[in-house]
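The structure under discussion appears below in the form of structure tokens.
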Amino acid sequence: MVQLHRSAEPPRQELFRRLNQTPGGTAALVDVRMHVLAGLAEHPEWQVIDADLCHLFSSWFNRGFLTLERIDWHTPAIILEKLIQYEAVHEISGWRDLRRRLEADRRCFAFFHPALPDEPLIFIEVALVKGISDAIGPLLAIDAPVGDPQKADTAVFYSITNCQAGLRGVSFGNLLIKQVAQKLGSEFPRLRTFSTLSPVPGFRRWLASSESDIAALPDSAAALTAMRMLSEPDWHERAESTSNMRDALMSLCAHYLVYALRNGEPADNVARFHLGNGARLERLNWLADTSKTGLQRSAGMMVNYVYRLDDVEENHEIYVKEHRAVASHELKRLARASVFAQPARKR
Amino acid sequence: MVQLHRSAEPPRQELFRRLNQTPGGTAALVDVRMHVLAGLAEHPEWQVIDADLCHLFSSWFNRGFLTLERIDWHTPAIILEKLIQYEAVHEISGWRDLRRRLEADRRCFAFFHPALPDEPLIFIEVALVKGISDAIGPLLAIDAPVGDPQKADTAVFYSITNCQAGLRGVSFGNLLIKQVAQKLGSEFPRLRTFSTLSPVPGFRRWLASSESDIAALPDSAAALTAMRMLSEPDWHERAESTSNMRDALMSLCAHYLVYALRNGEPADNVARFHLGNGARLERLNWLADTSKTGLQRSAGMMVNYVYRLDDVEENHEIYVKEHRAVASHELKRLARASVFAQPARKR
Amino acid sequence: MVQLHRSAEPPRQELFRRLNQTPGGTAALVDVRMHVLAGLAEHPEWQVIDADLCHLFSSWFNRGFLTLERIDWHTPAIILEKLIQYEAVHEISGWRDLRRRLEADRRCFAFFHPALPDEPLIFIEVALVKGISDAIGPLLAIDAPVGDPQKADTAVFYSITNCQAGLRGVSFGNLLIKQVAQKLGSEFPRLRTFSTLSPVPGFRRWLASSESDIAALPDSAAALTAMRMLSEPDWHERAESTSNMRDALMSLCAHYLVYALRNGEPADNVARFHLGNGARLERLNWLADTSKTGLQRSAGMMVNYVYRLDDVEENHEIYVKEHRAVASHELKRLARASVFAQPARKR
Amino acid sequence: MVQLHRSAEPPRQELFRRLNQTPGGTAALVDVRMHVLAGLAEHPEWQVIDADLCHLFSSWFNRGFLTLERIDWHTPAIILEKLIQYEAVHEISGWRDLRRRLEADRRCFAFFHPALPDEPLIFIEVALVKGISDAIGPLLAIDAPVGDPQKADTAVFYSITNCQAGLRGVSFGNLLIKQVAQKLGSEFPRLRTFSTLSPVPGFRRWLASSESDIAALPDSAAALTAMRMLSEPDWHERAESTSNMRDALMSLCAHYLVYALRNGEPADNVARFHLGNGARLERLNWLADTSKTGLQRSAGMMVNYVYRLDDVEENHEIYVKEHRAVASHELKRLARASVFAQPARKR
């Protein structure tokens, strides 16, 4: 078997190992893979290159070689600049915005690899607040007064960004969240809850694709009305309309999060990530993100995934074995109130 | 092919990658391999484990991830202590001895890996002197006055030690010598020559095994006499005897270094290392190391391998293609004077 | 005498020494002096406090305790932010502007004290260019292409800023320029010239106060016309007017720089600083700074003070003994061409 | 007053400030003072130089500029070597001895000044043990098994050494002990007691000088016998003799520590230091240090001074106002049992 493995190893890997010995080699190879990935559709034969690089990177970027570092106003500008550039979830509008996100009531952490000292691999942004946040606006407000982190009882992970396109498939996020939760827990003993405030990015696409299914269900009038209202401009600013839509859409979204599957896994990719990490679906928040993207993808809703460090392992097991979403009573109740009257697993 | 490679990769590698994620994981795995290697003879079935670890380590300890660091009296004691413990060529007798080896006219460099911050992987000791050294004693003398490194014209690499038994087969020495030569060259522009002062550790074993071959040669009387004298106690302290032995043994040793092969490569493992790196055999030194080990293995001789950075690539090519030792005129002359009158390649 | 000195030392100094022992003490005391200085006019009795703090600071901020550090894009944001805030000569308009000033063809250095790690005491900005710059605009242009510093023959010190109001009277600038010149000289062996590009901030005030003196001189018509034109809006944008004014104003300004004194020293405070450091007045540049401040104070002119490290000591001696400005032939010629026909020293 | 102070400041101070600006200046000046102090007896006129340097050093080495650093096996050898060289209380016999003093159940801390990065100013050695130590031998035993510091309830400060003769009179010890106690307290929450294990270096000299006073007291026979036995060789090894001497000598020593004064302050200089810092005399230990020095100076006894951080301020006040030793009941009882029947303050 050793023999087989040896002889099977492509000479490309040895070439990549040699290239890595030159100064800047690691960065250059990560770059190469970024281009390979971008060109895969056109050059399917590049898949073997991609596979070799991915194999090497899994070795090289093993968690044991990464360092977790706090990012704050003492961090070199060359790194901070990259946060502004990379932030994928809630855009950073400039240095002033960045600075607010690094104040005393916020935390930011990143993984680094020794061969890429100026390049964060992934970073996470955290707000230290009282109670689980139900809307993103207040967390991002640049002029919000700085709170006292010692009085916070909740850490809200409101953004997590993979920085290196060339490292796709080499996963760090799972470890990052847990390590940051532990670190914060020991720095701030009053913290009780570790929760995300996350979009539901696949909801509206799923909703659109489910329209005919829904129409075929009994009692679907309210749901269909609500769905139609979503296409009206500025619907979220009209109180009367939103109060009408709210019940229908929230229960549809809860159904989507708890029961909708794709290839046997939760359909929403953010849900897949956090549930796979062992978090649980805690709460759905109405009009929590009324940015253009938030309305377009998530119908303005956001969800809290809660990480309870004691339950994370067990939840992860449940997820891996049964691909079942661990969810709060409230979310399950909401899902059961949806037009999908008999919450049978959707196929 | 990708498919084959993938399916061929043993699950052990994934296990080792996971183990590496725990704190201290890398060190523990290097340790594991040390024990595996030590037990291979008794447990040949461990060879697959060894192969997997060796494969991973080649990835992890890629030169691109190593840092070259100077070791001096500002280095933490925890590292210095390991030099004392690991030094394999010329034993360090304690802190005073070590300190002399780190004075202004000496240099010491080591490769480190970020995951093993307190563990040198390999280190090299250098003396900055005038002219190529022809004996090890003066370089090791603890009470020798400290020279002015700015006046040195020669850097003598007098010891190179691999520290981690668990990293056997993952080679760093080649790169270390060249990088150190470059570094010294730019710090001390007056340095003209980069040379080793090396033992000939396989000479006497080869000599013993060649005794009957030699006896069969014409005119072998002087050679056989010299060989017999080697077994007399303290032969090197009797001037008359040594002057008699000198010519015969030096030409035999030159023959051994330049022409003797094993499995198609130079028979001496130190020669193999330096010639493979692109150095050239420069000079053989009589009574250069009269320590017990030096007499027992090398008949007290030492050899200088010279690294000329401009020629290193070409020499390396010659070596790889022809397995031919690049040697100075003097050494070739010595070799031709040996009892092996017609210096045919020995098989 | 010891006894006298001892008994004379005010107890305030001991109090300040004690305060300095608390965390953040040094920064707090520098702050105190800033407020004391600001309030001196209203509270002349605070002068004793000021004197004690100044005495202590001269001890504490002795050059032997300062470190010279390069500021670049790897510097922590908390320090970079302060450059933006403190820059007193040519305002930094934001992070983009700052970044351009830290590119490969620029250098920035600062002195730091170990007790104030996040606070630059003084910083200097340098452009690496070909030939002595004759205008500030191109040096400050944010979109200017980045030059190759290895091809530069001239280092232009275009801004030097004291950061700590509380350290007034504790002088670092002199040492900073010379150390930076040495450092740059050894990094870039092709650098031949170290020059400033400086304003003449006292010129127009002096000109206004000299109006009646000038009017009393023979042949003063051209000078008075030129002076009058200065008050017209946008005079510098009209080519015909400026070409008329040019000769008269440049020779007046040269006279001011070379001969005008106040309290026995050069009247211009920037001239006083650089001449006192041993630089020499090299060249006067017309329309070199057409910013609002540049026009208002210096009539748009800028001057190059050249630091020749070999002459700096001698120039400094000449200055200290004779308070005589060391100037180039060209500047002296210009000065002699001024309306002050007989260049007698002005009193 | 400012005027007076200014004019009174000797030009030497300005000279020293200038010298300090050169590389290595601070170290050189500390060295100068060491030589000045050593030559004072012969050159009383140097006293003014000494006074100026001492004045400057008090400024420069202000606690606010010092950093407290842990010394352990990760510390550079150049610093560890100096501990071996400087240790003044319980000699360090070499690197093995030093290493034992830096193991997990020991702590060592030092103050450093940024201008003397390789030179500890003062260092303190601590043992983390169960119960207050009553003898120095076990703490210094090189082969003693390493204890678990997490189980310790007591930190014993068993050695404190001023390193720089040239900084005599610039005091750091007081601050060092308190800061180390705080640091240890927060690292090891189980620590209840912070105590020294200190010699009584002036006891036997005082005892000798008090012989006639004692002889004049009533009931002095036992005391005089005990005192005489002290001059017999190896008295401490004979159990019967020591049990006879014990009561008499311990009560005399307690009397010395609690009541004996010199120039209005406690006669013993170690007592003066710790009592002045706000510690209290806790316990006297018989045959606690049977080294040559221990027997010669302290008659083999050692004393524990306990630092209770809550009482330190108040004890310090009592000491400053009344020069009264704060002592435990036990020590006062012992003192009252001494031949000085009526414990009147000795003059």
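In order of appearance the chains are A, B, C and D, and numbering begins at 1 in each one.
Heads up, the rule we're going with is that a contact is a pair of C-beta atoms (placed from the backbone, for glycine too) under 8 Å apart; a residue touches a chain by one contact, two chains touch by 3 or more.
Predicted, not measured: the structure shown is a model, and the values here were computed from it.
Colleague: As a test of understanding: of all chains, whose mean C-alpha position lies farthest from that of chain D?
Modeller: Centre of mass proxy via C-alpha means gives A as farthest from chain D.
Colleague: How big is the gap, in whole Å, between where the Cα atoms of chain A centre and where those of chain C centre?
Modeller: 52
Colleague: Whole-Å distance, chain A centre to chain D centre, using C-alpha means?
Modeller: Here chain A and chain D have centroids separated by 59 Å.
Colleague: If you look at chain D, which of its residues touch at least two other chains?
Modeller: Not one residue in chain D touches at least two other chains.
Colleague: Can you work out from the touch definition every pair of chains that touches here?
Modeller: Result of the pairwise touch check is A-B, A-C, B-D, C-D.
Colleague: What does chain D use to touch chain B in their complex?
Modeller: These residues of chain D touch chain B: 73-78, 80-81, 94-95, 99, 118.
Colleague: If we count contacts the way the header does, which residues on chain D are in touch with chain C in the complex?
Modeller: Interface residues on chain D, with respect to chain C: 1-2, 4-6, 8-10, 17, 20-22, 25-26, 47-48, 51-52, 55-56, 58-60, 62-65, 114-115, 175.
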